[in-house]
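Heads up: the structure comes next, in C-alpha cells.
Letters are used for the chains, namely A, B, C, D and E, taken in the order the chains are written, and counting of residues starts over at 1 for each.
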Amino acid sequence: MLCGLFFSGCKKKDSAGNPDEIVIGEFASLTGATASFGQSAHKGVRMAVDEANANGGVLGKKLRLVTEDDQSKAGEAATVVRRMISREKPVAIIGEVASSRSLEAAPICQQNKIPMISPASTNPKVTETGDYIFRVCFIDPFQGAVLAKFMLQRGWKNAAILTDVKQDYAVGLTDFFKDYFTKNGGTIVSEQSYSSGDKDFKAQLTSIRSTNPEAILVAGYYNEAGLIASQARELDIKVPLLGGDGWDSPSLVEVAGDAMEGNFFSNHFSAEDKSPAVQDFLAKYKAKYLESPDAMSALAYDATMLLFDAMKRAGTTDSAALRDAIASTSGFPAVTGNITLDANRNASKSAVILQIQNGKFRFVETVAP
Amino acid sequence: MLEIRNLHVSYGGIAALHGISLEVPAGSIVTLIGGNGAGKSSTLRAISGIAKVASGSIVFEGRDITNKPAHEIVALGLAHSPEGRMVFSNLTVLENLHMGAHLRRDRNAISSDLERIFTLFPRLKERLQQAAGTLSGGEQQMLAIARALMSKPKCLLLDEPSLGIAPILVQTIFSRIVEINRELGLTILLVEQNANLALRIASHGYVLETGRIILNDTTDSLRSNPAVRSAYLGESIPGDALANGGN
Amino acid sequence: MRKSDAVKKHIAHLALAAGLAASVALYAIAPQLDDYAVNILMLAGINIILAVSLNLVNGHTGQFSLGHAGFMAAGAYTSSIITLSLAPVLASAPAWQAQVAFFAALLAGGLFASFCGFLVGVPSLRLRGDYLAIVTLGFGEIIRVVIQNTDALGGARGLEGIPPYTNLLWTFGIATVAIYVVASLVNSTYGRGFISVRDDEIAAEAMGINTTKYKVAAFVIGAFFAGLAGGLYAHFISYIAPEGFNFLKSVDVVVMVILGGMGSTPGVAAAAVLLTLMNELLRDFEQYRMIVFALLLIVLMIVRPQGLLGNFQRRKRKAPQP
Amino acid sequence: MSDLLKLERVTMEFGGLRAVGDLDFHIAPEEMVGLIGPNGAGKTTVFNIITGVYKPTCGAIHFNGVSLHDKKANRITALGIARTFQNIRLFGSLSVFDNVRTAMNGRLRHGIIHSLTRGPAFRAEEERIRSEVLALLDIFGLKDDADRQATDLPYGDQRRLEIVRALATGPQLLLLDEPAAGMNPTEKVRLMELIHFVQEKFRIAVLLVEHDMRVVMGVCQRIVVLDHGQKIAEGTPQAIQRDPKVIEAYLGEEAQHA
Amino acid sequence: MDWANLTQQLINGLSLGAIYALIALGYTMVYGVLRFINFAHGDVFMIGAFAGLYVHRWLKPFFQWMPEFLSALLVLLLSMCLCAALGILIEKLAYKPLRQRSRLTVLITAIGVSLLLSYGAQLLFGAAPKGFPQLIKNDTHDLPGAVSITTEQIVVLVVTLLLLVSLRFIVQKTRMGLAMRALSNNPTAASLMGVNTDAVISFTFGLGSALAAAAGIFFAMLYQAIDPFMGILPGIKAFVAAVLGGVGNIAGAALGGFLIGLLETLVVGYSKNIGIPPGFRDAVAFVILILILMFKPAGLLGKSEREKV
C-alpha cells in the first residue's frame, strides 16, 4: 500500500504542471543547526516572489514557490532536490546558503538541466559543478583577500587564524586569506582549528595567546564565533577578531554580548548603506516581516530577482535559454551591489567591512574587487 | 508465630517447593533439614519475600505476609540471615551492622544493641572498621547473624549458619544461636544441612526432600530416625549402617 | 514429490536467482520512474544492506554494535578515493569499463571496512552487551574523527564530485546478495554457531564452538556489507562528508534492526524498507519522526523485545538456585 | 597410564579464597565416577576447571595424556570432554534439532564458504548431520520434539536434551552437573536408567556431580568426596556410605555419637 | 617549555574535567545499583542546561532584588531539582518495567530514552544553539606568570569540589548512602535488611541527574551556548571517564572525569607539538576507552567481576 502511494503517478512524462504558472524551487535549512540562515534566505525569496506576483507575475504567468527543508543535514539536500525536481518540475532552483549542501544538490540540478542559483555559497567548487550552477555572492578567494587587505591596511602584520575545519567555507576563506596576507608582508603566527558544534575553544585560544598576534581571523559561522569571542575575552585576549560573512547574524551578539565589541567582519551588504536600492529593500522587508533583513535575505532576494530578470530577457522558461540568459547577466542592479556574472558563473561585486559597535553592525568601508 | 500453609514456589518454571506446611511457635527453635537442593532455602526466601510464592500462604503473627515486599516483612520483625552469608563485602563491619538497623530510627537503642552484639560476638568488635569481605568465613557468618539481629526482630530465619565454616567455629556459632533464643527471646527458624547439630539445639524439626516435607517430629525422635540419614545419604543405606559407621 | 525435493535442495540458490532477477527487472523499469522514486528505492536498498548486515552482528550473534556508520564510512571513502583517482581515465572509457572499475572500488571499500570490522571484532571477544556497544560506538567515532582530520580525504568538508555509478541493479543486486549471505550462513550447521553464541556463550564454548571465530566473523562480514553500502551511497549522492556517518546514523540502522526484530532477516529487511518510506512520508513531520521512533523503541522493549517482526528470545536473568 | 583424565595437585583460588586445594583424582575410560560433597565443597569449580572455564591457580590436568593447560573450552570439548550445566544452558531460541546439531559444529568439515556456495559436498554433510541428529534424538525419545523450541520442552526433557547435546560433540568423557536437580523421584529413576544407558551405548566415561545420593549411589562405580575444596574420601559407594568422614561432612560432627 | 601556557591549559582542562566528572558520577552510581549504562544520562545533562536557561528566564524579574550569587545558586538548585525529578521519572517509566530483563534490552531502551530527550528538546527549544545568560559577573583574574582564570572557572571548580565532597558525605555517612552502597554490593541482602530497593534506585537516579544538571549549567556557563544535541558527546565521554575510574566506583568516576578533561585539553593545546590535529580531541576519550578495556578492564580504581557458571 505504501509503495502504491509512492509510485503511482510517478511516471517521468506525467507533468503535474499548470500551464498558467511558473514553479520556482527553493531548498533551504529551515530547521536544524543553521536554521537561522535558511529562514532568512527563505524570507528573501518569498518576498521576491510575492513582489513579482503583485506586479502581474513574469511572462504573464503567476509564480509559484515550492520550498523544501533540508534540515541542515547531510544527505537530505540531495533527496529533497530530487523530490522537488520530480514532483514539482521547477524551472529553476534557489539554494542553498551552506556550500556543503549546495555541493550535494548541484550535480542533480546540472544533470536535470535546471538552473540553480545559490544566494550565498561562497565556496568556488559550487559553480565548478557545471554550467547550470550560478551564484550571486562573491567567492571565498575574494573575501579572504578583502580581509587580508583590511588587516594590512590597519597595520596588523602578525595574525593568528582559528578555522572551522568542518566547513568548506571556512577552510576556503582561511586558505585565500593566508595566501594574500603572507604574500603582502604579513605573518601568520599561529594556526588553530575547531569543528562546528564545538563549545570549548579555550585550549586553542590559550595557544594563540602565547604567540601574541595583533589580530585573529576567526573563519567560521556566527555560533562558534560568538563563543570564541567571549572565551577570548575571558582569556584576556584583547586584539580584534575578524571574520567573514558567516558571522552575519543577530545571534552573533546575542551569544557573545560585550565580548564582540570592536570586532570586524566582511559582508555582502550593510543596512547602513545609503544607496536607494538598499534603503528601498530595507523598507519593504521591514513592512513585510517586521524585522530587519540580514545579508542572507538580501542575497536570496537578489538571486530570485536576478532569476526573474533573466526569464524576462529570455522570454521563456525553457531550461537552455534560461541558463543562457542568467549567464549573460551584466550590471544587474541588486540590493547587494551591481551583479555581473563572470565566465565561471560567479558574481563579481564589492564587499563591505562591518564593525560591531554597541551590539550593532556598523559600516566601516567598502572594498572593491 | 509463623505459619506456612501449602506453600508452592518455583523458579523459571521449575518447581522448588511442592506445597509445604510448617509452624514455628513463639519462643522456639524449629529446624528445617534436608539434603542439598531439597528446598530449604527456598522456604526461607519465600518467607522473607525475596522469592515469589506461587500459591499457599505465609502468616506471621496473625498477619498474611505472602508476597509482600521484603522490606515490609523486615519491618514486621522478621529477619533473615541468608544462605552464603551475603555480607556486604565492600562495607565495613560497622556499616554492615548499621545496615541491619536500616529501618530503625532509635539511635540510642541502636548503640546499646551494638554493645549487646559485641558481647555475643566479641570478634566483630575487633574488626569494626575492616571491610566485611576480608573476614574469615566464620566471622562473616557471625556478622550475618549479628546484622540480622540489629533489625530487632521477633523472629530470626537462619540459613545454613554452619556452611563452609571451620568446625571449631561452628560450635561457637551454634551456642550463640541458643543464647539468642534463650536470652534475647527470639523465635528461630533454622535451616541446616548439618542435621545432627541442628537437631540438637532445636525443639522441633521438619525434614525436607525435593520440595516436600517427608518428616515432621520433635527433634528427639528425629535424631533416632534412620530415615533422616537416608534423606541425606541415599535410600540404599541400611538402617544398621549407621551404628556400624558410627562406632 | 521428487520435484519438490529438488526445489527444496536448491531453495537458497533459487531465492538468490529470483532476487537478482528482480534487481534486473527493477533496473529495467528504472527509466520509467521519476528521480525521486529512484532516490527512495536506492536509499531503501542501501538501508536493506545496512540493516541485514548489522543484524548478523546484533541480531544473530548477539553482539551489540553501535558503530555501523563507521564501517559504512570506511567503505564509502575507500571506494570514492579509488573512483575519484581513476576518474580522468574512466571519463573517456566505455561505460562497461567504468562499471567494472566501480565494482572493484566497491569491493575494495567492502574489504577495507571488513578489516576495520576485524579490528573492532577483536575487543569484542572480551566484552559483552553494553560495554561492547560503547566500544563499537567509540570505534565508529574514531573512524569519523580520523576522516575529518585527514586532508587527503577532504577532511570535514567531505569529498565531492564522486561519479554517480550507483544504479538500482547494483543496489538491489548487492542487497540480494547480503540477504542471501546472511540467511544461508545462519541456515547451516556451521551458521547455527552464530545463534548459539548469542543464546549462551558459555554453553557454546562447551559444545566445542569457537566463539572467538564466530564473533570476529560476524563483525568482518557485517562490516563488509556496510562498506559496500557506503560505497553505493557515495556513488549515488556524489558527495560525502564525515558528518553523514556519525553516531546518529548508526542509531538509525540499529532502530531498523530492532523494529524488524533482532535475528530475523526478512523482518529486518522489511523494517529497512518501511523506515525509508516512513522517512519520506513523514517528511513534513520531521520534527516528530525521531520522537515517534524513540517512543516506539522504549515501548517495544517493554512490551515486545523481540521486535515487531522478529523471533529474538525474551531472555530473563538467571533465576536464583532453588 | 590408562587414565582417561588425570588431575594432579590442582588448586583453584579466587582472590585468596581457596575453592579447591591440591586435588588429585583420575578417571579411567568408560568409568562412572561420582563427585559429591556438601554445598560449597567446590564440585562445580572442579567441573569448570576441567572444561576450561576457569584456569587453575596451579596443578596439572591431562586428558588422554594431553595437557589441558591453557586450552580454551572449545578445544577441550574437541578433545573429547563434554558437559551439561547445573542450571540448564540450552540455546533458547533454537529448536531441539538445532541445539543438537550445533554441538556437531566442532567436527564439521564445512565452514563459511561452503555454507554460502551450498555445493553437493555441503549438502551431503548437512544430510549426514541431519540423520545423525535425528538418530540421536530418536534414541532419547526426543525425535517428535525435534522442531520445538528447546525452552518449550518440559523441564525433564530439557535436562535430557542437554545430555543429548553433550553427546553430539562425540565425547569420551561426559561431565554431568547435577542432572537430577529439580526432578521428582520418578524422573530421577528414569534419569539413572538414562545415564546407565548412555554409558553402555556410547562406551564413555561419566563424571557425575549430584546432590541426590540415591542417584549417585545408584549410578557410580567410584565416588570422590570433596569438602572445603579438599578430597576427604574416595571409594566404592558402599565404602563411602560408611566412611565416618563423609557422614560427618554431611550430617555434622556429632554423627559418631548419634 | 612554556609554563604559563601549560598552567593555563591545565586550568582550562580542569574546568572541563569538572563537568565530565559530575556527569560520570551519575553513570557510575546507576551502574552500581542497577548494573546498566544509562545511555540517556548525557541528555539529562543537556536538559539541565536548558532548565537553567528557562529557570533564569522565569525568575529574572525577581533577581534584581537579590545578590548575584544567590540568584545563580537558585538557578543551579532549581535546575538540579527539575532534573532529579526527570531522572526519577525516566527510571520509573522506562527502566523499572525492565528490572529482570537482559542488559541489552535495557541498553536499547536507554538509547530510546536518549533519542526521545534530545529530539524532544529539539522540538521544544529548536535545533539552533541558544545563548546562555550570564549568571555571575565574569571577571578575568590575572594569576602570576601571565596566567588568568575567570570567575566562572573558579565558581565551577569550587562548586564541583563542594558537590563532590557532599556526595561523598551522602554516600559514606548517611543512611540512604549506606543503603545505596549495600544495594550495589548485594541487592538481595539489602532488601533483607529492609531496604526499599525502589526508593533507593529512585534516589540514585535523582542524585545522579541532579549532578548532571549541575554539569549542564556549568558547561553552559563556561561555553555560553547550548543545544539539544550537546549531551551526546560529553555524555559518552563521561561514561568513558566512569570506565576509566572503574565503573561503580565513585572516586574513580571523579578522577576519570578530570583526567579526560585534562587530556583532551592538552591534546588540543599542544596539537602542534605532539603532531595530533586538534580535531582528534573527540577521539581521545575513545582511544582511552579501548586501551583501558584491553589492559585494565576494571578501571583505575575498580574491582573486577566474573560471571558465574
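FYI, contacts are C-beta pairs under 8 Å (C-beta built on N, C-alpha and C of every residue); 3 or more make two chains touch, one makes a residue touch a chain.
Remember, it's a predicted structure, so these values are computed and weren't measured experimentally.
Undergrad: Relative to chain C, which chain has the most distant C-alpha mean position?
TA: B
Undergrad: Farthest chain from chain A, going by the mean of C-alpha atoms per chain?
TA: B
Undergrad: Centroid of chain A to centroid of chain E, CA atoms only: how many Å?
TA: Inter-chain centre distance comes to 38 Å.
Undergrad: Per the centroid of Cα atoms for each chain, what is the distance between chain A and chain D, given in Å?
TA: A distance of 73 Å separates the two centres.
Undergrad: How many angstrom lie between the CA centroids of chain C and chain E, rounded to a whole number?
TA: Those two chain centres are 33 Å apart.
Undergrad: If I count partner chains per residue in chain C, which residues reach a count of at least 2?
TA: Within chain C, the residues that touch at least two other chains are 148-149, 156, 202, 287, 315-316, 318-322.
Undergrad: Can you list the chain B residues in contact with two or more other chains?
TA: 14, 16, 37
Undergrad: Using the touch definition from the top, which residues of chain A touch two or more other chains?
TA: Only 31, 165, 195 qualify.
Undergrad: Which residues of chain E touch chain C in their complex?
TA: Within the complex, chain E contacts chain C at residues 36-37, 94, 97-98, 100-109, 111-116, 119-120, 122-123, 188, 232, 236, 239-240, 243, 277, 279-280, 282-283, 285-287, 289-290, 293-294, 297, 307-309.
Undergrad: Which bits of chain A are touching chain E when the two form their complex?
TA: Touch list, chain A to chain E: 31-36, 72, 165, 192-195, 199-200, 202-204, 206-207, 209-210, 223, 226-227, 230-231, 233-236, 251, 254-257.
Undergrad: Can you list the chain B residues touching chain D in their complex?
TA: Touch list, chain B to chain D: 13-16, 35-37, 84, 160, 162-164, 167, 170, 193-198, 200, 210, 223, 229, 232-237, 241-242, 244-247.
Undergrad: Along chain E, where are the residues that touch chain A in the complex?
TA: Touch list, chain E to chain A: 2, 4-5, 8-9, 12-13, 16, 126-129, 131, 134, 138, 140, 142, 148, 150, 152-153, 219, 222-225, 227, 230, 264-266, 268-270, 272, 277-279, 282.
Undergrad: Using the touch rule from the top, collect the residues of chain B that touch chain E in their complex.
TA: 48-50, 69-71, 74-75, 79-80, 82, 86-91, 95, 98-100, 102-103, 147-148, 151
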